[in-house]
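You will see two complexes here that share chain A, one where it goes with chain B and one where it goes with chain C.
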Partner chain A sequence: MFAYTVRRVIATIPVMGVVALFVFSLLYLAPGDPAAIIAGDQATPEDVERIRASLGLDRPFLVRFLEWLFRVLQGDLGVSIFTNLPVAHMIKQRLEPTFSLMALTLAIALTFAIPMGVLAAWKQGTWIDRLVMVFAVLGFSVPVFVVGYLLAYTFALQLDWFPVQGYTPIANGLGGWLSNLMLPAVALGGVFIALIARITRATMLEVLSQDYVRTAKAKGVGQRAILFVHALKNAAVPIITIIGLGFAGLIGGAVVTESVFAIPGVGRLVVDAILRRDYPVIQGVVLMFSFVYVIVNLIVDLLYTVFDPRIRY
Partner chain B sequence: MSSSSPLLDIQNLQTHFGTIDGVVRAVEGVSFHINAGETLGVVGESGCGKSVTAMSILRLIQQPPGRIAGKILFKGTNLLELSEPEMQSIRGKDISMIFQEPMTSLNPVLTVGRQIGETVMLHEGLSAKDAEQRAIEMLTLVGIPAPARRVREYPHQLSGGMRQRVMIAMALACSPQLLVADEPTTALDVTIQAQILELMRDLKTRVGAAIMLITHDLGVVAEMCQRVVVMYAGRKVEEGSVEEIFLNPLHPYTQGLMGSMPKLGSSLHESGRSKLTEIQGVVPSLRKPIIGCAFASRCPKVTDACRQMAPAIEEKAPNHLVACHYAPRAAAAA
Partner chain C sequence: MSTTTLPPDGFNAAPKLADVLPPRKERGRIGMFIYRHPTIAVGGFMVSLFVLMAIFAPLLWTVDPTALAPARRTRPPSAQWWFGTDMLGRDVYSRVVYGARISLIVGFATAIISAVIGLTIGLISGFIRAVDAVVMRVMDGLMSIPSILLAIAMMALTRASVENVIIALVIADVPRVARLVRGVVLTLREQPYVEAAVAAGTRTPMIIWKHILPNTLAPVTVQATFFCASAMISEATLSFIGAGTPPIIPSWGNIMAEGRALWQVKPYIVFFPAIFLSITVLSVNLLGDGLRDALDPRMAKRI
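And now, the complex of A and B:
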């Protein structure tokens, strides 16, 4: 197990290398000349050329990539073209709101989605099942920003239960943190709940028809233990897989949600950076999110062995 | 409860399933009883309602689409009238069950110790630690080597025979009064089959449980059982002691079953060898109500009376019940 973990961690290195190359070349190939943008409308071609040279944009691709990679490995993500602040520092400042949003969303999604899916499978074909499925379709098809504005309008403007927007750091108190994040997390969680509930239902339906479920019943095991111990543990692998894959959607959704609720997170940072073609910031954020995603999938792989003893690497 | 009343008394059991194209009458008016400590064999070919009868006893049939009617009296209590929680306290404690498929009947993601221990935790309120201790004892009892290690292992680390031993350990952990064994050896190698049967016989005397042994293997019946119920198309066609059924089968279906079984000592080479016979035709569809005798379409002795009127089950010899118009009544029955 330990050896496997070490091997898997090592295996993420080439993955991250490819990600780095991709992140770097994506921006290299993107349209728009940052030198021209920085120089402004009144600049002469010489000014633009000078700025390009000072940014190192005139040198060969591979040289620039390796130089950049070497600095990244030392934790230096470069300096923002616009604010002149180190990118690593800018991202660090914005991490807490984003990770808070993602963690709360995940917690809400798991709390609701798994019991919903289990219930729907158990009560297959009844109105409960149909209700869950209708909710799942809605959760899928209504975009985050629509749900977000609806929630903000109803629960913040009309009912005044939650603040309309903004963010309170967790250090300033759990209550404020939670009340600020509740609406965005619910808005973002909708899709995730729908996704996980559907997979849970489908997998549970398959598991519940297995012989060992009948054995458990024949032993006198109660319905709840049959569902949540005997069956759910068998259904865990596909559910965890979808949570891991859904994490990518969570990252993308966080960007939109942060804009809707004016949360000063990494999502807002990257949107602003893209609009200003602030290359180092974009590269830093994409690289950071890729890293998080790779780590999440590593955890997912390791969790397989926890839930299914037949999986051994 | 008087000592003469049976442990389990099934009266006119009917288990039907509602399907898209009609009702399937899997069990149609079956009655029999099992006495404390005895082994009753239930035989018949695939689809004759043996397993459904067994599942009906423990109410493991999903309802709906299933529907169970009649009476299943266990020590005088009708199991069909109990609430689900009351039924749960009987399953695994008073009545437990062994299934045909040891490969799929154990939960692949729980340790065998957990699965055996769960039964005693549920029914006897043992702590997790004591339950593991009991699981080790049970594994020792069913002859699994290194039980203290095996108890922490998962089903996929065990062979088929070992898994069936685990199933038996699980079923006997609470010392049930009735063990329903649904084809416990069918999925196993012949050598393992003999071991498992030997184990069941041994444990039966130790635990003192009655066994309802469902099988299509007449050899197993001859070895294990005191009495036999022969089922056909969801009905009981014959019932009697093992000796009566084997030496003097009265129902044409039972006679057919006996004829299709090779006899020890009969030569396969000599010209005068006894031929294996088969029962012609197939089991009738259970979707339509059967008029007359269920076996009529395959019976060599069939007459018009058979096709029109279902034969009642009658005692044609002492302790020997048959449902056939033409089964001879034993001369000295009186």
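And now, the complex of A and C:
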């Protein structure tokens, strides 16, 4: 187990290396002159030169990359072109809303998706099953921001149950935090519920046809115990795998959801950075989120052995 | 039929077959196809409708979707302006109909281009060990950048255009196709008929062309359909946050982005393109689900 953990942790290094190399070399690979594009149409030649120098585009690629990588490893993500503040600092200030949104979304998605998937598999072929599958297709098809507007229009504007937008830090009270985040989390959770419910249903169907489930049924184990103890435990590995892979969608969705609900998180930061073409900020956010994604999937890999002791490495 | 002899009188006591068995429904070829693959039929039909709408946009009672008319800003939906007008007085109905073009172009182009490139990379790296190790590390790296962020980073460095949106989405999708194809290739390589071909001295390009490629087409087609759907969502998302199609071109994401400032008072500007986008993506997803069930039963069982 320890050896496996070490091996998996080491295996993430080349992956993060490729991410860093790619995000960095985009500046060089982009067609045209990135300094001129970042500076915008009204920029004077001096502005363009200043940006070129601040991005280090006037120096050789490899030297610049290694320098940059060395600083990133120390937690220095560079300086914003627009605000002149350190990017790492700007991201750190915005982490709480984003991670709150992601955590609440995940909690809501798991609470609904797993029982939905189990129920659909148990009642396979009935209208319950069909309803869950229809919901799954809809969840994949309706974009997050559309669901967001629909929810905000209905539950905030018309019914006035929740605030339309904004964010209350968790330190100011759990109630305000929750009421601000409820609609965004449900909107963002739609796709995730669809994804997890579908994979839960599929793996449960497979597990329910196994011999040991039939044996359990024969010896009189209750329906609920069969579903949630015998079957679900064995269906756990595919489910946590899809949660790990779906995390990329969760990150992408958070960026959009924060725009719809005016949540001052990392997603807003990156959207504002696009409008100002503040590449160091975008670069920093992409690196940070990719790192989170890789770490989440590393944890998922390590969880396999917990859920399925047969897996030995 | 004419040779059939009727039983003599008195033998009619036994009921005719038709009285016992329900009448067998006669279905034509099209009827049979719809019966066996309802999701392909429904999804395909709806996708074709949207394609026709995009092609014949000028004929569908639309006006110039970019024509400004400040005098009639933000009119609610009415007989004259079916979906109302936006804050610059442009006809939202015309913009939504023309917007289908961008969504469909981006969706189809992204799906086809990333399928072709991913297929090529997957075939090569599934067969050549030396390439495999390096290429798959690069693909793993690319896959660990959430695709919307990858596209945002690329769009920030280039001038906004539909082509650049497609390129950004293709780069995000290629690794996924490549991984899928590589997996198929690795299992196929061990198949007896491929080993037989190798033993018989068939050259590698011929094996790939004759034995491997045909077997990868079904899963890639299914995957490409889902990429088409997700590319449409991604294009709208990117345009919505200001990193996609240039604002001058009416695309569903752009219309929603422009309606954002006013959405609390004029929600229809956001909701009409939202409905069209959702139904289009739903149609493509239905088509994909149907194709998966029809072409790849093994995959259908798993998901």
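Criterion: the second predicted complex is superposed on the first by the 288 of 313 C-alpha atoms of A that agree within 3 Å, B and C clash if a C-alpha of one lies under 4 Å from a C-alpha of the other, contacts with A are read in each partner's own complex, and residues count from 1 in each chain.
Going forward, a contact is a pair of C-beta atoms (placed from the backbone, for glycine too) under 8 Å apart; a residue touches a chain by one contact, two chains touch by 3 or more.
Model, not experiment: these values are computed from the prediction.
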Exercise for the section: Evaluate whether chain B and chain C can sit on chain A together after superposition, giving fit or clash. Expected result: fit
Practice task
Could you say whether A:107 touches chain B, chain C, both of them, or neither, answering first, second, both or neither?
Solution key: neither
Problem - First (chain B), second (chain C), both or neither touched by A:26 - result: second
Practice task
Once the structures are superposed on A, label A:234 by its partner contacts, choosing first (chain B), second (chain C), both or neither.
Solution key: first
Practice task
Go through the superposed model and pick first if A:286 touches only chain B, second if only chain C, both, or neither.
Solution key: second
Practice task
Answer with first, second, both or neither: which of chain B and chain C does A:217 touch in the superposed model?
Solution key: first
Practice task
Using the superposed model, measure off the angle between the directions from the CA centre of chain A to chain B and to chain C, in steps of 10°.
Solution key: 80
Practice task
Report for A:174: first if it touches chain B alone, second if chain C alone, otherwise both or neither.
Solution key: neither
Exercise for the section: Would you check which partner chain A:252 touches, where first means chain B only, second means chain C only, and both and neither mean what they say? Expected result: second
Practice task
Figure out whether A:309 sits in contact with chain B (first) or chain C (second), or with both, or with neither.
Solution key: first
Problem - Of chain B and chain C, the chain that contacts the larger number of chain A residues - result: C
Exercise for the section: Please state the minimum Cα-Cα separation between chain B and chain C in the superposed model, rounded to the nearest whole Å. Expected result: 13
Practice task
Over in the complex, which chain B residues touch chain A? Could you list them?
Solution key: 58, 60, 84-85, 88-93, 96-97, 99, 101, 104-110, 118-119, 122-123, 154, 156, 167, 170
Fill in the blank from the handout: Interface with chain B, chain A side, in the complex: residues 210-212, 214-223, 229-230, 233-234, 236, 307-310
Problem - In the complex with chain A, residue positions of chain C that touch it - result: 137-138, 140-142, 144-150, 152-159, 229, 233, 236-237, 240-243, 256, 263-264, 267, 270-271, 274, 277-278, 281-282, 285-286, 289, 301-303
Handout entry: Residues on chain A engaged by chain C in the complex (per definition of touch)
Key = 14-19, 21-23, 26-27, 30-32, 34, 37-38, 137-138, 140-146, 149-150, 153, 157, 164, 198-199, 202, 206, 248-249, 251-252, 255-256, 259, 270-271, 273-275, 277, 279, 282-283, 285-286, 289-290, 293-294, 297
